[in-house]
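Shared between the two complexes below is chain A, which pairs with chain B and chain C, respectively.
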Partner chain A sequence: MSEPLLLGLGLRASYVLRIGEVRAVDGVDIEVPRDAVVGLAGESGCGKSTLVNVLLANIRPPLRIKSGKILLDGVDLLEMSREEVRKKVWGVKVSYVPQSALNALNPTKRIIELVKDAITQHTPATDQEVVSLCKRRLEELNLPTDSIHKYPHELSGGMRQRVIIAISTLLNPRLLVVDEPTSALDVSTQKQVLKMMLDMKRNRIIDSILFVTHELPVLRQVSSHVYIMYAGKIVEYGPADSVFFNPLHPYTKALMYSVMTPEPETRERGLVAIPGEPPSLLMPPQGCRFHPRCPYVMDICRSSEPRLVPVGEGRGVACFLHHSEVAS
Partner chain B sequence: MPIISPFIIYILRKGAFIIATFFAFLLVIFALPRAIPGNPVAALLTQIFQQAQANPDTVKAVYRKFLEEFGLNKPLHEQLFDFISRLMGGDLGTSIAFYPRKVADLVASYLPWTLGLLIPAILVAWAIGNLLGAWAAYRRRTRVDNALLPVFLVLSQVPYYWLAMILLYTLAVTARVFPVAGAYPPAMSPSLTSTFILAMLHHYTLPFLSIVIVAIGGWAIGMRVLVIYELRSDYVEYSELLGLSDKKILGYVFRNSILPQVTGLALSMGTVMGGALITELVFSYPGTGYLLFRALSTLDYPLIQGTFIILVSTLLVANLIVDILYAYIDPRIRVSYVGD
Partner chain C sequence: MLEVKNLSKVFTVGLFSRHRIEAVKNVSMNVSRGEIVSLVGESGSGKTTLCRMILRLLEPTSGSIKYDGVDVTRLKGKKLKWYWRKVHGVFQDPYASFHPFYRVEHILYQAFNLLPGLSEEEKKIRVHEALKMVGLNPEEVLGKYPHELSGGMRQRIAIARCFILDPELIVADEPVSMLDASTRVGIIKLFSDLRDRMNSSVIFVTHDIGLAYVVSDRVLIMYKGVIVEEGDPLTVMDNPSHPYTRRLREDVPLLYRKWEGF
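Let's look at the complex of A and B:
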């Protein structure tokens, strides 16, 4: 196995507020291999977006890194200054596509102006060269080339999202990080956006994608690996097929039962909402953070916290139901 | 596709609205002074005959003569009709208190002083206020912002006439650094010589500062909030993650935050005209505010009407200019109303 593209080790990050410390990322290890689509799933408020910011080394008060390393091609991003990350990493090695494409673009600038401002930060290209680079890429991705001369509000939501993905990756970054890229789109537009990202990966414009979403069906279509996050921690990870086929953690199961899937079992079972609400990250519950909502809760879950342990096949789960020492 | 350019339609629509507003205003400015008890001729005659003992019959004859002269003996609807038809012919009438001077001449001689005082003062305050406000927002939660914000708050709440009086008392009356009154030394007559211009600037400093200093606070507070809000928008974060420099991003934020301030600028251009009234009184500055004060205290109907017509027209025209500017600055408005 070659060295992973992005490796987050022992990451802890908190929002330090007057009322206390919100531990939004609490001891996370995550790996994005080369040539992979890694899904990161969880409910709203579980810390997904914070983890994304941490992985991008986009740390701004009140968010603070408590510990950990982020190795991109073996180099620790947390050792670099923000200026250095901005010049050498963002848009060059790692690109980011934000949650709301609607507001992601400056409303009073034509898109090409933003692209010029961005690309000229990283390369000595002239404006002319940027325009032709941009047009070539849009053609390659079957997007209308005149869209870059428009203002953001002149594009439809789906088109805007695709244009954002295209301009984010003009410099062929190795990793594309997408945060809920399809949540605001209708199903057919979602499909176009997903297809475009996969095409980009096939054409080697990008190597890997880190796909953050709460929509499991979308992840199921595109990802090769998944991480399931709950209350600031990874509760389960593994190859996508295996996790979706046989979820081990009760939270993963609950997540899957709460969405529509094409399988006949879904119809028989109906949709099952997860009872209760995600816990406050300011004062997470004792023991396993999922225990107040867990149908399989045991005594031990209330007092001690399960570690994330490997269970074979490249999978891991943080649940006492699957810890051999407890089970036996 | 419309045959007429959408831009023309946009302007025509705005123009029609402004004309309608103007006529509504004419009715108000005709009616309001006449609703005040007393009449201008009586006020004038009292003044004239105060010193000299006059034959009551003479006074009555003069009174009637004056009423006729100004058309004040006619029924109100005829007076209104006269007023509007003269106005259409460009005639603002004759002043009663400054008889026989024409209202238009009076306004023309006072207006340049007001414009010369207010336009630079508003523009300077607007520019400084917005820059300081943006700076404070950019340095939020640092010493810069912690020091600036209270200053803005205090400035914005200081009554401008109070500051005017403080400045007048300290720098003119006590320290004698600046002159106490007027727009230029009474012994001089306006000319384009360097001596006169220097003397004029000397008189200009205090009224100018008293308006600028107070206005900076309001603009800065507004801009600070706008920029803080704008800095939180998604496009700022996305632009940053594209690798854009702080400088570029601040440029975006400044431009987008300044849009509402442009509207504010035009509105204050109009309203501060009347608002400088007390400033002009404090410094005995010969502007329209001073003129308006004289007109109101003598119930000089034609002069009140004439001064207000000039002020309100300026406000309306300023609004129209802003609407056009806005369409130019903000592409979203350009597209929705004007066409690209």
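Let's look at the complex of A and C:
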């Protein structure tokens, strides 16, 4: 077995505010294998984007990292200075397309100028070489090469997102991290963006993708592994199909019952609402964080916190219902 | 119950060039008692414009709207109030339709402007019952301001207003598109509760074909201002006739089937 591409261990990070600490990442272990598409799912505010920023060592106040280790290709990112990470890691070993990337590009610069700004510190290539590098990459991915001379707003949402992803990986980083890359797009445009990312993996432009979204059907289409996050913690992980079709954690089960797709199975299965509201991360519930909403809650769930334990076949779950199985 | 006939809306924009936008073109549709009808279409297809005309918040350019046989297209004053008691709107972001300075209590009591003749005691009972119906604790929420509630709770308040008014038809324009998947289901169930308990009809506007498929008795597919296809959701998905619907079916991510070549 080869060493994982990205490994986060014992990660804890909080937004330190005057009113208290928002414990958005609270003891997370996560692994992105090589040649994989890892999905990270969970409802709004559970800490997905924060976890991604932590994994990329992109930590700025009020966010503070409390503990943990991040190994990217064997290198511990938390041992490096921010300057070193910026120079040697971002854009080189890992590229990141943040949640709001679609609307966050500097509107006064053409795409090619944005690329040059981002890339010069990483490569000795001349401007001319960067231009031809860009064009070749766009061609390879069947995108119009003249888009590099356009301003961001001159491209449609879907085209802009594809161009952003294509050029942010110009230096062939091993890992691409995308945060809700298609949530603002209509389904047809979404499919094109997803297809392009998988093509990039097939063409070995990248090895693996860490894909953040709250949309499970999207993950079903693209991911090989999934992590389910709830209130700052990973509650379940495993190979995508086994998590989707045999969810073990009550929260994962509940999420599956809230998915609405136009398929007969969905209609037959019916919809089940999760009672209550997601917890505040300023004052998360004692014990299992899902216990106030869990239909299977037991006494122990209110006082102790279930650890994330492996249950075989590459799966893990943080729920007392499954701890006893392990014990017996 | 509701009969929309050849309804159109043309917006003219621009000061000099007078550009015309045909947002809704010659739309005819019906809704029967107790029916849940979904209106599905991409962004800009005219869904909101159509809803606003049905709700009589926007003047149609041409065509007619009949309710229980009465032509309501140009109703005014008292008669329009009668119509608004029967047909009620729920919108995407209830925050925008709530006055931020008023507490939930005040917001809910405003509904009684359309329901004269109730005693204070009766009003109180209705408000409390409506809140319980939508899964909220009256003691907890009545004193709160809209910004102190989550998006899901605000949408529950908007639906509690429906339970108070007991409308015959609810026009819900993307009521869950701002909410999380897990919260969505709870809200959608409230609409089917309204139908089951009060035999209300619902027009559900959404760009989410999956949602329409799961909750509705009938779907209308809208494309560029025109209703291009309608039928029961299973037939429409199994046998889409319009190219837009076919593309929708091919491109929407499913849970139980994987795309080819992915």
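Here is the rule we go by: the second predicted complex is superposed on the first by the 317 of 328 C-alpha atoms of A that agree within 3 Å, B and C clash if a C-alpha of one lies under 4 Å from a C-alpha of the other, contacts with A are read in each partner's own complex, and residues count from 1 in each chain.
To be clear about the criterion, a residue touches a chain if its C-beta (ideal position, glycine included) is under 8 Å from a C-beta of that chain, and two chains touch if they have at least 3 such contacts.
Predicted model, so just to flag it, every value in this text is computed and none were measured.
Colleague: Give one word, clash or fit, describing how chain B and chain C relate on chain A after superposing.
Modeller: Superposition check on chain A shows chain B and chain C fit without a clash.
Colleague: Taking the C-alpha centre of chain A as the vertex, compute the angle to the C-alpha centres of chain B and chain C, in steps of 10 degrees.
Modeller: 70
Colleague: For A:L194, using the defined touch cut-off, is the partner it touches chain B, chain C, both, or neither? Pick first, second, both or neither.
Modeller: Touch partner of A:L194: chain C, not chain B.
Colleague: According to the stated criteria, A:E215 is in contact with first (chain B), second (chain C), both, or neither; which is it?
Modeller: In the superposed model, A:E215 contacts chain C only, not chain B.
Colleague: Look at A:I274 in the shared chain and tell me whether it touches chain B only, chain C only, both, or neither; answer first, second, both or neither.
Modeller: second
Colleague: Considering only touches as defined above, state whether A:Y151 meets chain B (first), chain C (second), both or neither.
Modeller: Touch partner of A:Y151: chain B, not chain C.
Colleague: Check the residue A:I300 against both partner chains and state whether it touches chain B (first), chain C (second), both, or neither.
Modeller: neither
Colleague: Spot which of chain B and chain C makes contact with more residues of chain A, would you?
Modeller: C
Colleague: Which partner does A:F244 contact after superposing on A: first (chain B), second (chain C), both, neither?
Modeller: In the superposed model, A:F244 contacts chain C only, not chain B.
Colleague: State the minimum pairwise Cα distance, in Å, between chain B and chain C in the overlaid complexes.
Modeller: Superposition on chain A places chain B and chain C at a least C-alpha distance of 10 Å.
Colleague: Both chain B and chain C touch chain A; at which residues?
Modeller: Dual-contact residues (chain A): none.
Colleague: Give the list of chain B residues in touch with chain A in this complex.
Modeller: So the residues of chain B touching chain A come out as 141, 233-235, 237-245, 248, 252, 255-256, 259, 329-332, 335.
Colleague: Okay, in this complex, where on chain A does chain C touch?
Modeller: Those in contact with chain C are residues 43-44, 186-188, 190-191, 194-195, 198, 214-218, 220-222, 244, 254-267, 271-275, 277-278.
Colleague: Within the complex, which stretch of chain A touches chain B?
Modeller: Touching chain B: residues 56, 58, 61, 86-87, 90-92, 95-96, 98-100, 102-109, 114, 117-118, 121-122, 151, 153-154, 164, 167-168 of chain A.
Colleague: How about chain C: which of its residues touch chain A in the complex?
Modeller: My answer: residues 42-43, 135, 150, 152-153, 180-186, 188-189, 207-215, 233-234, 237, 247-249, 251-259, 261-262.
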